[in-house]
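So that you can tell them apart, the chains are marked A, B, C and D in the order they are listed, and the count of residues begins at 1 in each.
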Amino acid sequence: MVDEVGAKEKWRKIIFEAETPSGRLFDVIILWLIVISVVVVMLETVDPIEAKVGNTFYILEWIFTGVFTFEYIGRLMTSRHPTKYAKSFFGIVDLLSILPSYIGLFIPGGQALMVVRVLRLLRVFRVLKMVRHIRGSTILMRALFQSRAKITVFFVTLLLITLIAGTLMYLVEGDSSGFTSIPTSVYWAVVTVTTLGYGDLAPITPAGKLLTSLLVLTGYAILAVPTGIVTAEIAKADSNETSVACPSCGVHGHLPDAKFCRRCSAELH
Amino acid sequence: MVDEVGAKEKWRKIIFEAETPSGRLFDVIILWLIVISVVVVMLETVDPIEAKVGNTFYILEWIFTGVFTFEYIGRLMTSRHPTKYAKSFFGIVDLLSILPSYIGLFIPGGQALMVVRVLRLLRVFRVLKMVRHIRGSTILMRALFQSRAKITVFFVTLLLITLIAGTLMYLVEGDSSGFTSIPTSVYWAVVTVTTLGYGDLAPITPAGKLLTSLLVLTGYAILAVPTGIVTAEIAKADSNETSVACPSCGVHGHLPDAKFCRRCSAELH
Amino acid sequence: MVDEVGAKEKWRKIIFEAETPSGRLFDVIILWLIVISVVVVMLETVDPIEAKVGNTFYILEWIFTGVFTFEYIGRLMTSRHPTKYAKSFFGIVDLLSILPSYIGLFIPGGQALMVVRVLRLLRVFRVLKMVRHIRGSTILMRALFQSRAKITVFFVTLLLITLIAGTLMYLVEGDSSGFTSIPTSVYWAVVTVTTLGYGDLAPITPAGKLLTSLLVLTGYAILAVPTGIVTAEIAKADSNETSVACPSCGVHGHLPDAKFCRRCSAELH
Amino acid sequence: MVDEVGAKEKWRKIIFEAETPSGRLFDVIILWLIVISVVVVMLETVDPIEAKVGNTFYILEWIFTGVFTFEYIGRLMTSRHPTKYAKSFFGIVDLLSILPSYIGLFIPGGQALMVVRVLRLLRVFRVLKMVRHIRGSTILMRALFQSRAKITVFFVTLLLITLIAGTLMYLVEGDSSGFTSIPTSVYWAVVTVTTLGYGDLAPITPAGKLLTSLLVLTGYAILAVPTGIVTAEIAKADSNETSVACPSCGVHGHLPDAKFCRRCSAELH
């Protein structure tokens, strides 16, 4: 019995953690299986390849499904809180990565389930915790999170600009240039203000061309804003990251030239 | 009589302010009505949808007009300075958001008034004061405002580059490639220098392609400038925001949570 | 005689400087004449407009030429160093802005001289010295100038990437997709790496599409570099700009928390 | 014998170093030969030019090959560690820049070797060490290197977004709009998220247009991140570059020309 608990704990460490060599190996194998299975899912949609090696893909698909099913069951069995895991983001992703294959047995032509299979991809993120890249990720996330108020203001502004520019363009250009409705024109405005510029919709009249020029220049001036916001936040987050902790009260994020703690006035080394 | 004044003041707080629960509720309702009415205005221009539910849209339009008319009258009546409000930016926007519907009764086929209806959208900004996003907005506005001299220099430079590049392109490519006039060529130069690149006008001759390459690379080097300007301003605005000087030794740039000076350990106020 | 010298000096101040009210008025008039004359040059190339008001344009053109000739002669006569002015950048621009009209009298169909006429536009920059925007301009120029080594490295890197990517694409796609020569392919690579993306040349083969994806992503990572360089320089230039001068030795650019001059150790106020 | 060693050392300095005038001259000549030979390789692929001056190109090609062969042999003979040089990056590049011409004698129609010839271009980098630009290059490289963890996170995120968006688009648009497979759709997603926007693939359905708008806006918010990362790193690298600590009070971040500490007026070393 004790042995069983020890075995469960051992397996839990292998499956859920990446500190032990076998745990790291498990993560690497799963990561590669995910990458390959996603590539297979993608190549299945290329007709000439599917025609040639479709059978191999079919077999591979069931191998992936089998392995991921075992992994899912393993996680459920070794997790300390199985229900919590099953309801977590990654638990749902894990389930969604195997479900489509089984459902496909009952519903033939499960084309629409391809989406679900791609969700398998999200599991790549979990293995990311293995790599030391996580530190960079934390700074990025914090920078984006702390800028959320500014980024919201930016997007609302952008939305208003595209709505107004799209409506003006609809009035200026009209149906003959392809601006058949305001939603279509707003789509054009988004494509223009972000400098995407497919060219499927382009101004024909002089007034339309002038409006386009103004829109894209305005867009450019405004699009410098999110870059500025993110840069300022990253610079701030970076400098917080690289400083020492106070030996007395443990506060982080001192400035480079600090001699005394800003919270408790203890001398820093 | 006192009661009436009190009632007016109560209504004014509901309509103009967002500190009370009912004031916030009023703002949220108006915000949603604005969003829905704008969506309706947009969808009215999509022919298949208009054909199907045009009648519903017609009724909805009059409901929106009714509510916004009540809101406008309410603002006029409860405002402390009705004339000032009527002449303010938002007062005019409020009026413009109801006027088109009434004018439409007399002038059938008021297609051109659609623009005016979209102005209704600008009222979204007013409700923005409700959310705490305003702080981010202030920093952004200040950053843009303090950079206005540099941004003007940047745009004048950009204008000169597009004028010269457009004229050169008009001479190099000529009518056969679609560069039929200098204004058209300048439009092409704006589309190119901002990396929008519709492809409706593209160089055909080798000289034109070389000129395009030089223009877009120059553009890229120059377009780094507004981003740099805005970033530097945001970083400065951010750090100014959070800075206190030490009362003892005068060191600036303390962190937001500092209680003691990092240089001399004196207590900060 | 003294009077004549005084008159010359008075006119010199009006023409060359912008400190006196009449000097500023002179600058504003010339600025507006430049803008209008450039607009006329541009509109002359639009056939329907030229057909209608070509005669008016012809008369206007000679008025502009007359005024700019007077201005040029005035500058020559009032300048303290006429030869130096004539050989300076703006002296040549001033001459080039009137020469084409006169040459056009002898050479009919002087289409190619249109370029020269646009040089007139460069004179706009001179009047810029009037506005206080010059301060922003100085910081921008200094930031770009101090980054010139880094920007050169960046452009050489970019050139190498486009050369290699263009050659690979020429080999991968071949004539059938329009990649008819390496210069054409390099043009495509520039259009792609800057995210301009006209679409006149686009990959057709799977290998070409993969190469395009890699190129544009590489381009994106690399194009963050000039922005970073310029931003860092502007931030530095900005902070230098806003600090006090040493009362003892006059050195500028002290750090915000400086108490002593970094050059002569004198106490700062 | 001593003479021979001295001669070898003299030639080594000329060929490998750029400190002596003759060494610098050697580098400049090689640099220009590289540039011209690359231009020749490029122009050879332009059919009308090749038809006219193909013979001249053929002769030039053998002159370049001859000179570069002599250079390669010279480097091998004068190098202190010939094997190490032959195996180094530049040794291989040097070999690859002459090999194709010789192989071409035996294998007619060596079209595919053009790639190898372009590798000749990489030798331009070697001569870069001559110019003082190297300092800028070091800072750039260090900035990119120190940001590698964050840049990896960014690219993995971007890859996941393009995979998911591409798959969704494949399901939404389908074959009729050209989205014939997931790899093609992912190519479209890369072209869209980087704002390249060729227009060879563009959404046709309303749902596809909405998805495109969301993708390009998401892309824009995210693409601000690498710029922010690189900017923050460059700013840090810049300030580290120029910073000395005060020997008396330890304050960091002095300006490059500081002789005295700005806080305690102690002399800096």
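The working rule: a contact is a pair of C-beta atoms (placed from the backbone, for glycine too) under 8 Å apart; a residue touches a chain by one contact, two chains touch by 3 or more.
Computed from a prediction, not measured in an experiment: that's the story for all the values here.
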Indicate whether more than half of the residue numbers at the chain B-chain C interface occur in both copies; give same if so and different if not. different
Any chance you could check whether A-D or A-C wins on number of contacting C-beta pairs? A-D
Between chain A and chain D, what is the gap in Å from one C-alpha centre to the other? 29
CA centre of chain A versus CA centre of chain C: separation in Å? 41
Multi-chain contact residues (two or more partners), chain B: 183, 186, 195-199, 227, 229, 231-232, 235, 251, 253, 263
In the complex, the residues of chain C that touch chain B are 38, 41-43, 45-47, 111-112, 114-115, 118, 121-122, 124-125, 128, 132-133, 135-137, 139-140, 143-144, 151, 155, 158, 183-184, 186-187, 190-191, 194-200, 223, 226-227, 229-231, 233-235, 238, 256-257, 259
Touching residues (chain side chain C, partner chain A) in the complex: 195, 197-199, 227, 231
Touch list for chain C against partner chain D, complex: 147, 149-150, 152-154, 156, 160, 163-164, 167-168, 170-171, 180-183, 186, 192, 195-199, 202, 206, 209-210, 212-213, 216-217, 219-221, 224-225, 227-229, 231-232, 235-236, 251, 253-255, 257-265, 267
